[in-house]
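This structure is in structure tokens; I'll ask about it shortly.
Going by the order they are written in, the chains are A, B, C and D; count residues from 1 in each one.
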Amino acid sequence: MLSWYYLKGIIMLAGIYLLPVLGLSLLTGFTGLFSFGHAGFMAIGGYTTAFMMMKLEVPFIPAILMGGLFAAFFSFIIGKLTLKLKGDYFCIATLGFGEAIRLLLDNIQYFGGARGWPGLPLKTTLITVIIIDIIAVILLRNIIRSRHGRNMIAVREEELASSIIGIDTFKYKMISLVISAFYAGVGGGLLGTYLGFLQPKIFSLTRSTELTIIVIFGGLGSLTGSVVGTILLIALPEILRSFANWRLVVYGVIVVFIMIARPEGLMGGKELSFDVLRNLFRKRVKEAKAEGGK
Amino acid sequence: MNILQVNGLTKQFGGLTAVNDVTFDVERGSITGLIGPNGAGKTTIFNLVTGVYKVTGGKIVFDGKEIQNEEAFKIANMGITRTFQNIRLFKRLTVYENVLTACQYNANYSLFEAMVFGLVPKKIKRNSRFYREEKLLKEQAEELMEILGLQDRRNFIANNLPYGFQRRLEIARALALRPKLLLLDEPAAGMNPEETEKLTELIAFIRDKFDLSVLLIEHHMDLVMEICDKIVVLNFGCKLAEGTPKEIQQNPEVQKAYLGGGNNA
Amino acid sequence: MKKFLSLLVVFALVISLFSGCAKKEAGDVIKVGWIGPLSGDQAVWGQCESNAVKMFFEELNNNGGLLGKKVEVVAYDTRGDGTEAVNAVRRLTSQDKVIAIIGPNSSGQAIPISSILEEMKVPDIATVATNPKVTVVDGKVKPFNFRICFIDPYQGAVAAGYAIDVLGFKKAAILYDIGDDYSQGLTQYFEETFTKKGGQVVAKEGFKTGDVDFRPQLTKIKAANPDIIFMPYYYKEVALSAKQARELGITATLMGGDGWPSEQLMTMAGDAVEGSYIINHLDFDDPEVQPFRNKYKQKFGKDSEINGYLATDACTLLVEAIKKANSFEGEKIKEALEGIEIKGITGNIKIGKDTHNPENKEAAIIKIENGKYKFVEKYAVK
Amino acid sequence: MSGFIQQIINGLSIGSVYALMAVGYSLVYSIMNFSNFAHGGIIMFGAYFGFFFMTLYKFPFSVAFIASGICAALMAILVERVAYKPLRDRRAPFLYFIISAMGVSIFLENIIIATIGPTFRTYPEVFSAQPIKIGNLAIGRIDLTMFIISAVFLVLLIYLIDHTKIGKAIQATSFNMKASALMGINTDFIILLVFGLGGFLAGLAGVLFGMKYTVYPQIGNITLKSFIAAVFGGLGSLQGAVIGSVLLGIIETITSGYISSQYRDLIAFVLLIFILVVRPMGLMGKVTEDKA
């Protein structure tokens, strides 16, 4: 049987990765901006949280929030400089940012440099992760279903038309970037306190691209998709574990296949909400009754 | 009084002068036509007025304020909005979502309010600004769809709409801002005579209903001549003539430009 | 149709997740785990380790097994990544129920797994995780983490000591990989020891993991005119940087750590590394090393990397501990490991009770002469 | 002083490696408007083709060189057919292309690891390792050869694009694909051609790279630098890619040599941001206003 201990580990990891994925989902899926630097924001969040807890003895939750805030602050500066850039130029700028953050951390011996920072308190528990995830999903859902979220979607769909109907496109790109960096930062903080260890290597470019792939896999413009995508894609390498060195080959094939065969991702921009579930359920009940009536 | 005054407006792209020292006014409550052969600089003027392009020289005064250096979204919020020649809808959203998005102009609730009140029991929510304004926005969207006859197709994806309805949807989206000045870029392009006729009525109706002024680019001369109070003619980036439809029809230079330009659209 | 397809995918994934564990536990088989990189940029070393471990237990099984049971090796890929290592260890300890784990090959993977090992009471013997903090943090030994290799401070100190005391060099330059924990560790301790002994580090230049051109740094090093250049990184970069150094006309002696030794280095670097010194775990030409070396080459068609030797010793260590404990229980194996002494291919190994490191393991100084690794002497820093 | 000149030589040599990679990438960008992240994978395969041609089949260098280019070109075309054409047919947004490209690059790197293994492989020596010495300066023979080969092929490519009929068609397609199709240009063929050309250059780059720095599955990673170089120069502009590459090479060496080798990439990144803030479309890219 599948052991709970192992499963718990995967769930926790998926729950932790869900945060940066949600952030990226807002940025890429709802605002149409592509970032290769989110591992960098995770790193900032992780190291800030560690710093707060280890050096300043700040309690766990405030420390994690500080990590998020600090990542958001960085994203604000980066956004000021680069959000005016178009398409690939913005991509490369974020890519450079992510790598630069890693290089910086490699060099800062105070945080352990490339050798990492061991001995962090293991504060992340399954319950915390799940609670934070639920809050994160609800907040994001609320944003998306408000005029602010609609404005972001408008920016994604047609930037010029958005500004013509009075949307400050720069501001909404910025809001989206800052929120997504905050989420990534919190995720980084949780990761650090889950592993008990931080190392710049963890926040590599590969990690950033993985996050993006998860968002796309789940479906651009769908929060449910991001959630399902995270669970599946964090589990996928685990499932493929037995394939040893073939698993990344399979991973690559799956990514291309999804793009070709089902580019709208798992959820195809749709959301699975309680309403939908309820309706589905009612329909079933009705059908059942109708059948029973015969 | 004039709602819009364009004064010595000039735009250069590299060495090319697309708009050269153009001056004209749009009277409040009027429908003004902007005509001219292809490449005369009509759409460029729209782009300059709405802040899409940066002005090279000259002044644009809207409602007593100079706006030539403002950003596009600010100009929109002041009360100028437009449609596009090559329709720019939020393609993958539904008709309803397109209109609702544009209605955002009429709401003020903050991001924070949205985050807090988005998913709380109705009892608490009911008194929040978020709830009130969202409700209002939805009503406005419904109303706009009703006026433009889009109700039946509210759940269509914008991209799948028939052409004429896409144009209507663009107008609906623009009207959501309660503009004082509406810029229409070839609203009748690709329409048959019957549809054009309907559109002509619609534009006049909108002007009265929403109490706004209209500046429109159009190649359908019937439409222009029928509803415009004033017409401005452009040729090669310069203003050629200005006057009532009758005056323009009789202007020999305009005739020459249209015939000589090899474009009798 | 689409819904059906996606449902199908989900279903297939779930099935495969469970299927891995449907195998029945056979009573006479015990499992030993191995983790390390089978993919990613460290795959060279990981694949060699996993080969060596599998070869070791295959042979053991053929010779009657361990305490009357057959040993099955469960090897999982970590891509060299800490989070993946954590997942792999969770799976090994709870689902596969391994009695012990061999690997991983880097400190970045070995450090985060320690809390799980403690929770599940499964001992782990790391192969080349050289950061002191793998086994000891804040003066406290981590109960279930062991290792078979010597640690950064030791290796760095040996290199510096040998360079200054034996070879008599006074001016050293260091070129290191900023993004690599191993490289940063050796650099730090080399610099400390070298300056403490009265030497001078005239240049310290860094590069980033994945770089292939080192001439800008080497040009700067050349201007500082060192006697010796310490290059604490892996052989691919060593070959490139050594070649480029010679190309720029640098004649200083080169020196490196256990990232160097590989049969590949010679083919890749050619003359450029001639006359260089290496701090190694063992003497490749030692007759006692030959059986493993030949067996590996015969079986896999290529030479074993240094990791293969250490992984084999880790296996030997584990087997001896199990025999000593006469039990497959994690805690008993752990106790048996503490203070155990074995004779492995990399020398005599005695695991310290308070450090969980091999103690007093002498380093082998190897010189490259005529394109061959030539054993010079065993050396311990004073 | 000689140190400084040596650093400039180093920079030029590193820059020419970037350039050879960046040009193929920029060429594809100019027509497809997306960053083809699979380019690195093709370069890596090019290096392996060259290696096996020379060791297994004992081809002479020049033959192996061109043959690898051709094989890489075929591969690039194959990648286009499999991973991009379906997206193109559907007019998918550029995001999907990038993701698909990333998938391809993950696949290519790992298929090599899984099949022929992650070991490093060294090319047989073609050019003497002895550098040309001028006083205190050293110029590597491989570097010089690479520089010349890169220059020759780049000039040929730029000639092809600027002065031949097919080049004009490529330019037209990159300017406006729809209009070009209406004008009777077979845009599908042009796209294949561009991928072929890009792949050919990638193959050559791979062989030269492998010869100089050995062959291993992660070669593709170095192309990140050439992406950055292409952005420096302005995406889609071949001249820009060359200038950006040389500039990046020199910036890197000067930073390593005179400021800090530890913070080299950080400084390069800050510079990149600075350039993009001043010139949002890179050095040679055209600043365009959105057409409404």
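Structural remarks
Keep this in mind: a residue touches a chain if its C-beta (ideal position, glycine included) is under 8 Å from a C-beta of that chain, and two chains touch if they have at least 3 such contacts.
In this text the structure is predicted, and so the values were computed from the model without any measurement.
Minimum number of contact steps separating subunit A from subunit C: 1. The central chain of the assembly on a C-alpha centroid basis is A. Spacing of subunit A relative to subunit B, judged by their CA centroids, is 39 angstrom.
Once the centre of each chain is set as its mean CA position, subunit B and subunit D turn out to be 46 Å apart. As a whole-number value, the distance joining the C-alpha centres of subunit C and subunit D reads 35 Å.
In this assembly, the C-alpha centroid of subunit B lies 69 Å from the C-alpha centroid of subunit C. Among the residues of subunit D, those touching two or more other chains are numbered 110, 113-114, 262, 265, 290, 292. Residue positions 52, 84, 88 of subunit B are each in touch with at least two other chains.
Across the assembly, subunit C contributes 39, 43, 47, 178, 206, 208 as residues in contact with two or more other chains.
By the touch criterion given at the top, residues 2, 5-6, 10, 13, 16-18, 20-21, 38-40, 43, 47, 75-77, 79-84, 86-88, 90-91, 93-95, 107-108, 111-112, 114-116, 120, 131, 133, 137-138, 177-181, 183-185, 206, 208 of subunit C touch subunit A in their complex.
Residues of subunit A touching subunit C in their complex: 1-6, 8-10, 13, 102-103, 106-107, 113-116, 118-119, 122, 191, 194-197, 199-202, 232, 235-239, 241-242, 244-245, 247-248, 262, 266, 268. Subunit D meets subunit A in the complex at residues 29, 33-35, 82-83, 86-87, 90, 92, 94-96, 98-100, 102-111, 113-114, 224, 227-228, 231, 235, 262-263, 265-266, 268-270, 272-273, 276-277, 280-282, 290, 292. Against subunit D, the residues of subunit C that register as touching in their complex are 39, 41, 43-44, 47, 178, 205-208, 210, 212-213, 215-217, 219-220, 222-223, 235-236, 239-240, 243, 246-249, 264, 267-268, 270-272, 302.
On the subunit B side of its complex with subunit A, the touching residues are 50-52, 71-73, 76-77, 81-82, 84, 88-93, 97, 100-105, 107, 109, 111, 114-119, 130, 133-134, 137, 173-174, 176-177.
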